[in-house]
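The structure under discussion is supplied below as C-alpha cells; questions concerning it will follow.
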Amino acid sequence: METLFIFSKSPWARRDMETWLARVGEQDQVLLIQDAVLALRGSPGDISRELLSLRGRLWVLEADLAARGLQAGEAGVVDYPGAVGLVLEAERVLAL
Amino acid sequence: METLFIFSKSPWARRDMETWLARVGEQDQVLLIQDAVLALRGSPGDISRELLSLRGRLWVLEADLAARGLQAGEAGVVDYPGAVGLVLEAERVLAL
Amino acid sequence: MKRAVVLIRSGPYGEASAAEGFRVVMTLPAMGVETTVVALEDGVFCLVRGGDGARVGWRGSLSQVFAQASEFEARLLVHKPSLLQRGIQEEELVGHHGCIGEEELCQLLRRASVLLAF
Amino acid sequence: MKRAVVLIRSGPYGEASAAEGFRVVMTLPAMGVETTVVALEDGVFCLVRGGDGARVGWRGSLSQVFAQASEFEARLLVHKPSLLQRGIQEEELVGHHGCIGEEELCQLLRRASVLLAF
Amino acid sequence: MKIGIMVRTGPYAQQNIDTALSLLGAALDMGHQAALFLFEDGVINATALMRPTGDRNIGQKVQELVSRGAEVAICGQCANYRGLQKEHLVPGVKRAGMGQLGQMVATCDRFFSLGP
Amino acid sequence: MKIGIMVRTGPYAQQNIDTALSLLGAALDMGHQAALFLFEDGVINATALMRPTGDRNIGQKVQELVSRGAEVAICGQCANYRGLQKEHLVPGVKRAGMGQLGQMVATCDRFFSLGP
C-alpha cells in the first residue's frame, strides 16, 4: 500500500472527502473513523459513488460503526489492531 | 429584522452556508464573521450567487475582513458596535 | 414566555456537541423557557436505535438519552429532509414527538426567541 | 532521510491551525527532516499580503510569518487550483517557492514519509 | 438591553472567545448589559494561570470584562471534566450549574452561541 | 515498529484522544512501540486534575499508556497558553519543546495527526 487516507469527519459537515477522495490513487487505501463512518449511510454529491469505487480498499473502524448502530455495507471492517495493521502496511498516513 | 444569521466558518471547509443560506427569509439578515468572511472572495456552488442576492441585508465584521486583508465587495461593513446593533435590531440570532 | 429552539446538528460521539446540547435542553424548561429540540443534519443519527457509545469509551447510548426529552418537558422533533438525505427510515429512530418538513422548520425558527445550534 | 509534507489547509485567525502548523514546520528541518509546506484550500489565504492579525487580537501578520519559511530551510509551495477556486492572484501573495498543480501535489504526497495536515 | 453569548471553544485555538469579548465589550461601551457563559472547552478561557508570553492574555481579558460589570459564568461540570479547579479561576467568574445558563437564557434580551 | 500520533484537540469535546489511545494501546498489545504528542488544545488531555464523575477518566488513560511504556509528550508552550502547570501533569508525561515533536517525527516509522 502507498498512502493510507484516514477520514474522521462527516461528509455532511465538512468538505474533506469531497476534496480528497479524488486524490486517492490505485495503490492507496481509505480508513473511515469517528463521524466519517456516517458516509456509509449515504453522502452528498459524488462521494457515495467514489467510496463505492474503492471496493476492497475501503475500511471502517468497527468500534465507531457499532457505537453509531450502523452497518459496514461495502467497506471492510477492522478493529483497532486491524487499523494499526493498515497504518503499518502503508508507506505513509494522511489523517484529515 | 426577523432573524440575524451569523456565519463564522469558511464555506470551503464547512457546509453551513450551503445548507442554511436557503433558509434566510426576506425579513432576515446575514452577518459574516471570522473565517466566513473568506466567502466574499468566492465560494463553492451557489453560495456566491445566494450571498449576492442578499444585497443590503449582508454584513461583514470589519476587524475580521481587515485581519485577512480582504475587501467587503457587496457586503455592508460593521465594526463591533455595529454588530451589536444588528444583534439588537434582530428579533433573534442564530450563530452557526 | 421565552421560546428556545435547540438545534442538534451533529452526530453522536465524534464530538460531544449533541450530548452537551441535550444538557442545555434539560435545563431550560425548569427556568420557564418553552423548549423545542430539533434533530437535523447529522443530528438525526443521535436518534438511531441500536448504537452504543460505550464502544468508543462513552458513557452509554445517546439515543436513549434523547428519548428522555419529554421527561424534561421538551418537545423533540426530527427534520424529515435530513432523514431522507441520509437514507434513514423513521422506524429506525427512538421515540420522538414527530417529524417536520423544511417549511415547518423555518416557521419554528421564526417563532423562537432564542436559537442555539449544537 | 525523512521527508515531511506539512499541508496548511485552513485560513488564518479563525483558528490557530495554520499558525501552529508553521511552528511544526520550523522545528522539523533542525531534526534532519526534509520539509515542504504546501498552502492549499483556505491555507492559501495565509499568504495573502496586507492582512494583519492584530485587528482581531492576534500577535501580527501570519503572511509575514509564512514568508520566513526559507529561513528554516523549508520549501513553501502554493497549490494553484486552490488559488484559482478562490479568485486569488499569485501577485497578491507574499514570497514563496513556487506554485504547483494538482498532479505535482499528488506526486509530492507520494514521495513523502510523513504527512501532516493543519 | 442585555446581550448574552455562550462560548464553547477554548482560548488560542479558535477565535470565538476573541469575538465574544470584543462584542460584549462593545455592548458595555454602548450602555448595555453583557453576559458570557463558558461551556465545554470554553471553560479554559477562565483560567487565571495562562502564561501566553508576548501574546494577548485571554484570561486577563475575561477578568477585565468581569470588572466592567459583565456576568461571567462557567459550566462547573465541564470544568471538572477538564481539571480546571475553582481556585484557578479568574476572580469574579462564577462556577455555575446548568441552572445559571438557563437563567441567562431566560433573562438576556438576545442570547446566542459560538461553537466549534 | 514505532507508531506516533499527534492529538490536537482536548478531552471529552472531541473523539480524537479516545481514538488515539485505543490505537496506541493496540499497537503496544501487538508488540510495537507507541508515541503520543499532545499539541494545541490536546495538552489538556494530560492534566491529572480531571474529575469526570461516572465517566471515563482520560487523564488516567493517558497515564496507563505511559505506564505501558509509551512515550507521551506535550507542547510546553501550548500548556503555558492554557494555564496547564507542570505539577498538574499526569506522571511520566514529558513537558517538551517543539524539538521533541521533531524527534518523534524523525524516529517513528509512522506518524500522523488527529485534528479538530
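So that you can tell them apart, the chains are marked A, B, C, D, E and F in the order they are listed, and the count of residues begins at 1 in each.
Simple rule for what comes next: a contact is a pair of C-beta atoms (placed from the backbone, for glycine too) under 8 Å apart; a residue touches a chain by one contact, two chains touch by 3 or more.
Source: prediction; values computed, not measured.
Student: Measuring between Cα centroids, which chain is at the maximum distance from subunit F?
Tutor: When every chain centre is compared against subunit F, the largest gap points to B.
Student: At the place where copies subunit A and subunit B touch, is the share of residue numbers found on both sides over half (same) or under half (different)?
Tutor: Same-residue interface.
Student: Which integer distance in Å separates the CA centroid of subunit A from that of subunit B?
Tutor: The answer is 33 Å.
Student: Roughly how many whole angstrom separate the Cα centroids of subunit B and subunit D?
Tutor: Centre separation, subunit B to subunit D: 27 Å.
Student: Subunit C to subunit E: how many Å between their CA centres?
Tutor: 25
Student: Pull out every residue in subunit E that's touching 2 or more other chains.
Tutor: Counting only residues that touch two or more other chains, subunit E contributes 12-15, 19, 22, 40, 55, 111-113, 115-116.
Student: Which subunit D residues sit where two or more other chains touch them?
Tutor: In subunit D, the residues touching two or more other chains are 13-17, 20, 41, 56, 58, 114-115, 117.
Student: Send over the residues of subunit A in touch with two or more other chains.
Tutor: Where subunit A meets two or more other chains at a single residue, that happens at 8, 12-13, 34-35, 44, 63, 92-95.
Student: Which chains are in touch, pair by pair?
Tutor: After working through each pair, the chains in contact turn out to be A-B, A-C, A-D, A-F, B-C, B-D, B-E, C-E, C-F, D-E, D-F, E-F.
Student: For subunit A, which residues are in contact with subunit C within the complex?
Tutor: Touch list, subunit A to subunit C: 8-10, 12-13, 34-35, 38, 41-42, 44, 63-64, 66-70.
Student: For subunit F, which residues are in contact with subunit E within the complex?
Tutor: Residue positions touching the partner: 8, 10-14, 40-41, 44, 47-53, 55, 59, 77-78, 80-85, 88, 116.
Student: For subunit B, which residues are in contact with subunit E within the complex?
Tutor: 6, 8, 33-35, 61, 63, 79-81, 83-84, 87-88, 90, 92-95
Student: Residue numbers of subunit B touching subunit A in their complex, please.
Tutor: Touching subunit A from subunit B are residues 12-15, 44.
Student: What part of subunit C is in contact with subunit E in the complex they form?
Tutor: Per the stated touch rule, the residues are 2, 4, 15-17, 20, 23-24, 26-28, 30-33, 114-118.
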